[in-house]
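Two complexes, one shared chain (chain A), two partners (chain B, chain C).
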Partner chain A sequence: MAIPPGVSNRDWQTALQQFVQAVGESGVFTSDEDIGLYRDAYSPLWEEPEERLASAAIAPTTTEQVSEVVRVANRFRIPIFPIATGRNLGYGGSAPNLSGSVVVDLKRMNRVIEVDDRRHFAIVEPGVSYFDLYRHIQDRGLKVWIDCPDPGWGSPLGNALDHGVGYTFGAYRDHFHSHCGLEAVLPNGDVIRTGMGALPGAKTWAEYRYGFGPTVDGLFAQGNVGIVTKMGFHLLPAPEAYQTSVVTVPRRNDIVPLIGLVNELEHAGLIGQPGYGSPLAARRADLEELLKRPGGPPAEDLDRFAQEQKLGSWTCRLQFYGAPAVIAAHIAYAKDRFTRDIPGATFEDGELLRFPLTQEQLDSVRKVAVGIPNLAAFGGRRGSDGHLWFAPVIPKTGEAVLEAQRVFMDVFARRGGPALISPFSMPATWMYRAFVFLMGFPISRSDVTVNQRTRETMREIIKVAAEHGWGEYRAAPAFQDDVMAAYSYNNSALLRLHETIKDAIDPNGIMAAGRSGIWPRHLRGRRA
Partner chain B sequence: MVDRRSILKLGAAGVAGALVGMPLPVLGAARAGVSGTLFRAVFDGRFEEAVAFAGELRRRGVVTASAGPDLATLWYGDLQARLRRERAPIAGLTDRATLFCLEELARSVGMRVAFRIDHLIDDRGRVEHDPVGPAAILAAARTLPAESGFGREIAVLASRFDWRQRRDAAALKRTGPFSPENKTALVSWAIA
Partner chain C sequence: MNRVFRVVIACVMLSASAAYAQSDATRQKGNEVFQYWCATCHGRGAGMPGTIALTAKYKGALPGALEDRTDLTPQAVRFVVRNGAAIMPFFRKTEVSDADLDAITEYLVRRSPQPGERANTGR
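Moving on to the complex of A and B:
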């Protein structure tokens, strides 16, 4: 059994006894077998000395127990690292930033406190998964939808705190944005509630997020000043129907008006999450010679190929929700706008799906688009043991997409090896007001050189992105210092503010040391 | 790319496997009468070896369940409620993605991988078995056929496994969810 850094064996043994007193023997885990479960399944440091490993895990069942665990940790200056369900694979999983930390595993806090389908909100504990919440809603026939990520085995609370995202409407698929009020245990064991929750007896905790005075909720997201034990969320009223329409545009440069128009439809609330693609991506083998040209393939050559093959250059899947008449009107309006603004635009409408869906419709629908969590994302992939996400935020324009393609392809060309993107790659559209140019770098359980190469490329591409004004919205622990270093405006004033807050709220530096590159004073300036 | 459906025509029928007829003592700590302790046997119906595995365990009275295209159906619709109430061993012969997901999900109910045997199948149908777990499992894996027929033998092994054995932490999180580029990866496993 490992001992947390800076803690004597005697203190450690005493602390373990006090953890047992706080949560019971069945809630304290110290064996290698138990601790092995908390390894990051997609760690880019697997089996290397720098791999981030826990020393123990504690599984409380109530806020009061969490509070007591934190007090014990503070007493003995034991670093702790809270996880909800620990499933943010590609961004760290269930492992801590600082090796030797005690994982505070909140899986046993799994109560759905409340779901209201007249005012459209939910309040949940950290151990509630998207599946749990979905089932709670379905079992009671409540008329609300959740917005879930893919895969959906994580926790709404944990996902929101990691700035996770989903697949329906903008206001809901930014999961932290859709949160409303939280309860948290501070590093001294004190319990706070934010927003209206700070007012005893208020019935509007999950409806009005600001309460009165400064808003502090953001400190707990990707942060390390407390353990969130309850959280409210706004939920989408269950729509009557759903339909897709895929618009295809003929020319490469149509990407600019395409994204501009889709932005307009989305920001006006007419469509849910758009999904971009290129029919040419599947024809890369036929375009090999063109793709090898210095500076990339000329647009007119790609256009000629697309025209000859009767393919478009770009597509966008538009998602419409609401009453059938509303959907029909929105689709008609969208088609009118595209037809007027982009000559040659064509459309392919999906089936109008009315809820509840038939089993056949359920089997074929894109589940996350209609708020149904699933685990199908793991099927059918090959060639690595997992992936590490590189997730830079870029502007929501066609010009920015084409520039990002060029810049990142240059990085891969310079470094050699297979490129993770092509001139046909499109960004992820989870965020409401920005794109994420997502790439999954391979990791290996058996070949350290794969991970070393991935780490080197990640570090380089983070810097290159920053030089172009693109920063990552989320990153695995091994790269959080690099990402935070890129947010360097005014001599890293934001990080300095974070550190000031950290020192004030967590003077012993016990809470999630290093998360988002924010280290406690005694560990500052060195990497875990 | 190798098509695993085309490779895995390794029918179990007619194979007199070494383990199937093996006397109990040879299986190390295996003991009689534990087949009923398996709560579920999970299989991937795309692979004949996995189907044979399920068939053998069904014959021995174990309830089997298909992993299906979305494991969520099995875990959240069947396993989770029972295992949250009371832990009980489950075993399987599946692809890596299924074990990967079940291993992550089982953590939430305090269960973990007790043993696993990876079966890497090349494009000629040759199978390389890579076991991790108690000594009895390592010994048994050495006798598995290098071609078809191992699914049924794994079923026997799982049905006779002594769940009280000390487990090997090396069996935890041994691979990711995906197959290598040039081989089909199946895995036999037990979670308890």
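Moving on to the complex of A and C:
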């Protein structure tokens, strides 16, 4: 067992005893075997000296216990790092930013406090997974949907606190945005409630976000000023039906009106999450010569190939939610608009699904699109030990997508090795008002050269993105300093404000030191 | 039959059935924990990443679904849950406790040959 940095052996032993008093023997993990389970399974630093490792883990079951644990840590200046369900794979797993931190593992705080299907909200503790919340709702026949990310074993609370994203309708997909009210333990052990929750006996904690006065909730997401112990979320009323329609457009340059129109439908609330693709992506082998052209393949040549092969250039899966009559009207309207604006657009409608689904429909539906948590996203990655996400935010336009393709393909061309981006790559569309040009870089638990290469590419591509005005929405701890460094407007004025806030709320710098590149005063010099 | 002997027999039978009942309960619990933590990837249906990966790995020589295997050893199950396997990450004890893991193991090896009759214990 490692000792946290800057803590004497005597203080450490006393603190461990006090942790045991706070949460009981069964809530304190100190053996190498147990602590090893807090390693990031997809760490880009696996087995290297810089790998971020915990010194111990504490698993409280109540807010009072969390508060007591934090008081002990603050007394002895022990760095702590909270996790909810700790499944942040690709963005850091359950490991801390600062090696030697004590992980505060909230998995055992797993109560669903409330789900209301008339006012459409839920209040949950950190350890409640999407699977748990879904089951709670199903068991009681409640008429609400959750919006889940790909991995169902994560938590509404943990996911939202890393600005996580999902797959159904509108702004529900932005999980921090759809939160409403939270309870948190501050570094001095104080418990606060935000929004209406600050009013004792409040009746609308999970309904009205702001309460009165400035809002501080944002400080707790990707931040390090406290441990969140409860969180409210707005939920989507369960729709009656769901249907998809895939629109295909013939020419490469149709990407501009395609995205423009989809934006309009989406921002007006007519469709849920759009899903872009290109039928040409599967035909890259046939296009090898064209793709090798300096400056990229000419659009006319790609169009000719697409036409000969009777393929479109781009597709978008439109998703419609609501009453069948409303869906039919929205589909008709969408088709009318596409047909008018993009000559040659074609459509393929999916089956109209009415809820509840039959078993057969359940087996074939894209589960995340209808709010059913699952783990299917871990499929199709055989031979891989995991991956590291690179997640730059780019504008929601066709021009931006084509530019991002070119810029990122250049990075791969310069660095050699396999390119993760082709002229057919499309961005992820979880965010309501922006795209994420997501890439998953390989990591390995047996070959450090894979990880070294991935790290070099990450550092370079973060810089290149910033030069084009694109920043990452999220990153693994090993790259959070790099990402924050890109957000440098006015001599890093925002980071300086974060540091001022950090020092004021957490003078001993115990809480999640280094998260998002925000270090406490005594560690600031060591910023990577 | 003398009285002492009868008591001994009764005791043996009692403890045997108690052991049986206990392992039955453990397996039942193992089944539940497996459904909660593992079947989401290793279940029998479609779209199961674990089942898909193992089907590809064994190319039909062994079943893709872990619950249909008859060759799993306790050591292998324990090792994989605490060390991961490729894309499958390991599990913390706040997720799958040691007792849970014992139960899962007992459940998954229920159809494997008992120690001694095992032809091939190496992996």
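We adopt the following convention: the second predicted complex is superposed on the first by the 525 of 528 C-alpha atoms of A that agree within 3 Å, B and C clash if a C-alpha of one lies under 4 Å from a C-alpha of the other, contacts with A are read in each partner's own complex, and residues count from 1 in each chain.
Throughout what follows, a contact is a pair of C-beta atoms (placed from the backbone, for glycine too) under 8 Å apart; a residue touches a chain by one contact, two chains touch by 3 or more.
These numbers were taken from a predicted model, which means no experiment stands behind them.
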Open item on the list: Both complexes share chain A, so when I overlay them there, do chain B and chain C fit or clash?
Closed with: clash
Open item on the list: Which partner chains sit in contact with A:374 here, chain B, chain C, both or neither? Use first/second/both/neither.
Closed with: both
Open item on the list: With both complexes overlaid on chain A, does A:131 touch chain B (first), chain C (second), both or neither?
Closed with: both
Open item on the list: One more residue to check, A:32. First (chain B), second (chain C), both or neither?
Closed with: first
TODO: State whether A:152 touches chain B only (first), chain C only (second), both chains, or neither.
DONE: both
TODO: For A:107, decide between first (touching chain B), second (touching chain C), both and neither.
DONE: both
- [ ] Mind working out whether A:382 is in touch with chain B, chain C, both or neither, as first, second, both or neither?
- [x] both
TODO: Using the superposition described at the top, list the residues of chain A that contact chain B and also contact chain C.
DONE: 33-34, 37, 41-42, 86-87, 94, 107, 127, 131, 152-153, 374-376, 378-379, 381-386, 445
- [ ] Please name which positions on chain C make contact with chain A in the complex.
- [x] 36, 40-41, 45-50, 52-53, 56-57, 82, 84, 86-95
Task: chain C-facing residues of chain A, complex - done: 29, 33-34, 37-38, 41-42, 57, 59, 86-87, 89, 93-94, 105, 107-108, 127, 131, 152-153, 363, 367, 374-386, 445
Task: Contact set on chain B toward chain A in their complex - done: 1, 69-72, 75-76, 97, 100-101, 104-105, 107-108, 112, 167, 169, 172-181
- [ ] Using the touch rule from the top, collect the residues of chain A that touch chain B in their complex.
- [x] 32-34, 36-37, 39, 41-42, 85-87, 94, 107, 127, 131, 135, 152-153, 373-376, 378-379, 381-386, 443, 445
